[in-house]
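Once you scroll down, you'll see the structures, which are given as structure tokens.
Two complexes follow with chain A in common, the first pairing it with chain B and the second with chain C.
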Partner chain A sequence: MNFRLLTLTTLTAAGIAGSAFAADTVKLGYQLPLTGDTAQYGQDFRKAAEIALTEFNAAGKPFKVEIVFEDSRSDAKEGTNIARKFVDDKEIVGVLGDFTSGVSMAAAQVYKDAGMPQLSQTASHPDYTKISKYQFRNIATQAQEGPYNAKWMATKGFKNVAVIAEQTDWGQSVVSGFSDAVKANGGTVAFSEFFNRGLKDYRSLISKIERAKPDAIYTGFFYEDGAQFLKQLQQLGIKTPVYSTSAAYSPKLIELAGGAAEGVHLTSNFLPTDPSPNVQHFVDEWKKRSDGAVPGQFPAQAYDAVRIMLAAVEKASPNPTREKVRDALAQTKDFPGVTGKTSFSADREAEKELVKVEVKGGAFVPVAD
Partner chain B sequence: MNAFENAAPADGLTRRRGLLVPALILLLVFAALPALLAGFDKGYFYQIANLALIFVLLSASMHLVTGVAGLLHLGHAAFYGVGAYTAALLTSKLGLGFTVTLPLSGLVAALVAFLVALPTMRLVSIYFAVATLAIGQMLYLVMLNWVDFTKGPNGVIVSKGFELFGFSLSGRLGAYYTVAAVVTLSVIAIGRLSHSYYGNALRSIREDDQCADAMGVSTVRLKMEAFTLSAFFAGIAGSLWAHMTGYISPGDFKFSESILILAMVVVGGLGSLPGAVIGALLLILLPEGLRALGDFRNIMVGLVMFLSILLLPKGLLGEVSALRLVRRQLGAAWRNTGPANGKGEGIGWR
Partner chain C sequence: MFDPYYLQQLAIGLSLGMTYALMAIGFTLIFGVLNVVNFAHGEIYTLGAFAGLVLISATAPPIVAVILGALAIGALAGFSLERIAFKPFRRFTDEASLKSRAMRESTLLSSLAVSIVVREALEIVFGSQMRSVPFEYLINTPVRVGPVILVTGDFIIFGVAAAMLIGLQYLLTRTRVGLAIRAVSNNPLGAKYVGIDTDRTIITTFVVGSMMGAAAGILMGLYYGAVFPAMGFTPGIKAFVAMVMGGLSSIPGAVICALILGISESMATTFVSSGWSDMVAYGFLILTLIFFPNGLFGARRERV
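Right after this comes the complex of A and B.
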């Protein structure tokens, strides 16, 4: 009995000590691929998160925040392991990540049961936010971007379009989101096909597209695949206009595709050339840490995601809990980020402003239409 | 029964000693480990334990075909995937529970394995390995691209956890005991298969299939059976994974997973079931244990694998050297069997 009492007191004391510590430092988890096939994205996210975190901790807030980074290798096994680990750590009040929808959704099953708020900077699977009230994302979904681009192309007079996208959950949503809108606007989808990520030879796909004689091609790819596709399109001498999504918006697209990227139209919600001070501050910080390279769309989304999470933690303090952070996240409205103003809708989707961009003279240039 | 009782006293001592280790392992898996897990009460440890057990089963099932029968199998993860998808689709489309999906996952994986094995079983050595690679890719691409049926890259949410005849086992300890029981029973079955006359017949194929054939061993049929059985157990593992994570997508079953399982069998030692088990534990627990090393952990895991193959070519407990097996498998393509063979020298099929 005495022993039990002793244990109980010790535990309580430890608990008090723990919460006293928590009052000074709040912990967040970030699961992301730091190694493996998609490591380049994870490394960028970490860099962006570190910029956001350094700023936050230097701002003289009543508490400090610590982010625990864990490498998921974009592998669902590792992703769920990390999720369990984060949930076990009682000090962690919110989680960022993962990169791919697959891993984010596998981890989400754990966060759902544990009541841990999860904010992914990139998970675009239509069902991700439907898993539970704890899943948020800071990326414009294709249900939003597809109709926007369809309208843009319709105003340019492209009635008959071809659609291609990578064979991923995101690619699926690119095609469905866009095609439905094209048909609703009275246009036709002449051709639609999926390709596997990392495809090297697009020539057969391109000739199939050309056989369908579309007015324009709408594409769902990331910069690596995009650069390959555009180069081969140029080599085959095809002049059909190409439109793409914000996922292809990366300086590396122009770097890899060179002149072949010229004239590509795409949407974005982040412009490194935007003169507003917060964007310029982020771009400067990014350049300092990456040998002068300019950040793309995804690091900007990660930067904003971390800042949205930090703002939610601040709102939930003192003594933030997972539940309080979730509620604070859900209330996010017109958050002034580098990717424009972000609000979360009732179903925890990020509502973002989109910008039209064209590649001109080796740079992304915003266009009015 | 009588014969057994008569035989028992003769080697009673060795028999008793032989039972000591399995008894200790059972005690560890079903008493010590759960007690420890409950003591720590960390979801993370439960997760790692369950994941390690699932890979023990995958590694053990591959042991049967690669370790014992000596067939280099490069597409094992696909059958794991077939099992997982069977469980997931039966749950999401028909609302069936784990009690039904578990055996069905194994059976469907075995059926698929049997069908694809029909045309490939006549292949030998490296040609067989390449065929299994192709089978693995083929099944992976079906999971990825048959969007109407498998939901393709969108993956499938498995809404039901573990249960037995409607009795829920989805708590932490319940899930652990379910996984542990299924894996233990399967590993015992695989152990009985590989340590028997049957296992020895499979070993004879590994050592020299032509000789085995000449001795009257039906090599094609045995290979087929080993391949199908191994897929059955991989399917069982798939069902465990699907119900454990609650969400599966084709990425969980790609080629790198096949290689991971193969690495487990090789590091543990080809032909040894305890080796396959230890290999699986090592390659699941090591990367998790090394998380503190950050970006360097994969280098460390790679180093351990490299050193183990360099210093322990037979693996930890293996019967045959992995290098020797691979060399023979690869070499068979160029082997000049001479005029005595009459026809088809160095050809990759029989």
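Right after this comes the complex of A and C.
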């Protein structure tokens, strides 16, 4: 028995019972990994969602919103089961999540048939939003980030590059989005390979990359894999510059890799150091709930995704339905979030502004080029 | 001239194999030699790593104290594991129960249950994200040996694994405790009849094997610099494969097979995509089961 899930559902049930007598309540579903290998991400998303929800419910709106959290364990089968559960609950008008592209896409098939709007904070596989008009995302896709990074590396003079990524739907979109753009810019991809998520020893792979003698390495990984990769790169005494996607943008990357993270270049759409009041407000709230730790990009995206969904629910009220929430989501324009202004394009892609960042002196520092 | 690239890959493979061997030794002692189905060894490994990490962040002791702390936790964990997941199945002492395979194999589920509870509990207490080990404790300073680059941890792990292997071989073949372990493994009922305290023998084996598991955990934590609740899973699988390939009951066999596994994985990375390198381990497992049902170094026991 999953103890945490039990507590969670009990709490949610208690919440429902408690608020049934209060003002009108609108229910949202949030599917995310709360246990298993990717639980750290799901836990962060829940924390971010709770910040957004508390703020919304404290703002004296004519109705209250509740979010039902369900643990998908980043397992596609589990994700589809949750999707069916959410769809069967007539009170749920919109769904957030899942974390990975794979699980989000599996669940999307259910939401597509039921006409349930789904907004993922992180699913960045190009095919996700193509599933139906109900799929939205609040993240730059690799089709957007790959060419951006390819151009960045080309202006730095790296013509011959290596690319590696984790063996997932997302990793494949990293490699294809980037490699196509490199070739279009007249560069060459000297080496391209996938590795299994959670690999501990990258030294074999690194030796193999170095044999191809690339000018720079472009990487599609998350911070855990990234930290191991960077540390082992340093152990082997390799100085080839490393570029990465916004997925690796997390303070944990620097914490785990230490000095080995110096000089890594990556893109991001969230900077906790941004002085604008809403970013600082989110960072402060986050620190309060996380022993002073600074949020990375993913929690920020989750926070924005929840707020975008809440705004859509508000727009669709009174009596929001799944269809009305979907339409309201589709109309989202210049939503002022902590990850910049977000608008959904006609094909439900978030148009994000990317920032170039370099690790310098143990911190992520925005750079001009 | 021989391409230094292959030498480097060979060195990486040996070091990888050594890390598998470190885990496989304690695992084989309990699972193979004592012949008790135990799937909680990976969590003992994780507990050892967390015990070390907690000690480091609490009092910043010298590295030897960290390892001793992990060993103590490992011994305690091994004792508790045996008490919770194994002892209840030995409460029937009649001949039928003692000979029953079902009785023996039911610990597959009870040990798996303990491992799930421990992992989830660690997740609740520590969170599931990777925790970093302070840099001054890490054992991964690069060392250049001719054309090959290794790290200090490779030598430490080699030393510890060798010491464990030799120590255990001595224990099993030259001492009365070892004799008792082998007797209990061979025939629990017979061992009881000739006056061996089977309970104590089993507990001793668990304590020793789990101390080795915990030591492996903290060493790997210091080696890779990351400690997290799910860290025991992959090494557990690799150790299992090494043990089965080595013929279940042979500790030197498991160590040799762990090295073969490591070298094959790193060499395979040269020819196929790194994403496929895990296939090597599972491929070996299947091939062993089909063509060498007694393992490569086993032969004396029933089929794997």
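Simple rule for what comes next: the second predicted complex is superposed on the first by the 346 of 369 C-alpha atoms of A that agree within 3 Å, B and C clash if a C-alpha of one lies under 4 Å from a C-alpha of the other, contacts with A are read in each partner's own complex, and residues count from 1 in each chain.
Criterion: a contact is a pair of C-beta atoms (placed from the backbone, for glycine too) under 8 Å apart; a residue touches a chain by one contact, two chains touch by 3 or more.
These numbers were taken from a predicted model, which means no experiment stands behind them.
Participant: For the overlay on chain A, clash or fit between chain B and chain C?
Facilitator: After superposition on chain A, which the two structures share, chain B runs into chain C.
Participant: Tell me the contact category for A:Gln235 with respect to chain B and chain C: first, second, both or neither.
Facilitator: Touch status of A:Gln235: second partner only.
Participant: With the two structures laid over each other on chain A, which partner does A:Ala227 touch: chain B (first), chain C (second), both, or neither?
Facilitator: second
Participant: Have a look at where A:Pro299 lands relative to chain B and chain C in the superposition and call it first, second, both or neither.
Facilitator: Touch status of A:Pro299: no partner.
Participant: For A:Gln167, is the partner it touches chain B (first), chain C (second), both, or none of the two (neither)?
Facilitator: In the superposition, A:Gln167 touches chain B and chain C alike.
Participant: If we overlay the two complexes on their shared chain A, which of chain B and chain C does A:Ala108 touch? Say first, second, both or neither.
Facilitator: first
Participant: Looking at the overlay, what does A:Pro320 touch: chain B (first), chain C (second), both, or neither?
Facilitator: neither
Participant: After the superposition on A, what does A:Pro117 contact: first (chain B), second (chain C), both or neither?
Facilitator: Neither partner.
Participant: Regarding the shared-chain residue A:Phe195, is it in contact with chain B (first), chain C (second), both, or neither?
Facilitator: Once the two structures are laid over each other on A, A:Phe195 reaches chain C alone.
Participant: Given the touch rule stated above, what does A:Gly337 touch, chain B (first), chain C (second), both, or neither?
Facilitator: After superposing on A, A:Gly337 lies clear of both chain B and chain C.
Participant: Which of 57-65, 129-137 or 291-299 in chain C clashes with chain B after superposition?
Facilitator: Superposition on chain A puts chain B right on top of 291-299.
Participant: For chain A, what residues appear in both contact lists, the one with chain B and the one with chain C?
Facilitator: 35-36, 167, 194, 196
Participant: Report the residues of chain A in contact with chain C in the complex, numbered from low to high.
Facilitator: For this pair, the touching residues of chain A are 2-4, 35-37, 39-40, 43, 164, 167, 193-196, 198-201, 203-205, 207-208, 211, 224, 227-228, 231, 234-237, 252, 255-256, 258-259.
Participant: So in the complex, which bits of chain C are touching chain A?
Facilitator: 5, 8-9, 12-13, 16, 19, 120, 123-124, 127-130, 132, 135, 140, 142, 149, 151, 224-226, 228, 230, 234, 265-266, 269-270, 273-275, 277-278
Participant: Per the contact definition, I'd like the list of chain A residues that touch chain B in the complex.
Facilitator: Touching chain B: residues 34-36, 70-71, 73-78, 80-81, 84-85, 87-88, 100-102, 105-106, 108-110, 114, 125-127, 131, 167-169, 171-172, 194, 196 of chain A.
Participant: Spell out the residues on chain B that touch chain A in their complex, using ranges where they run on.
Facilitator: The touching residues are 42-44, 46-48, 51, 144-145, 147, 152-155, 157, 245-249, 251-252, 287-288, 291, 294-295, 297-298.
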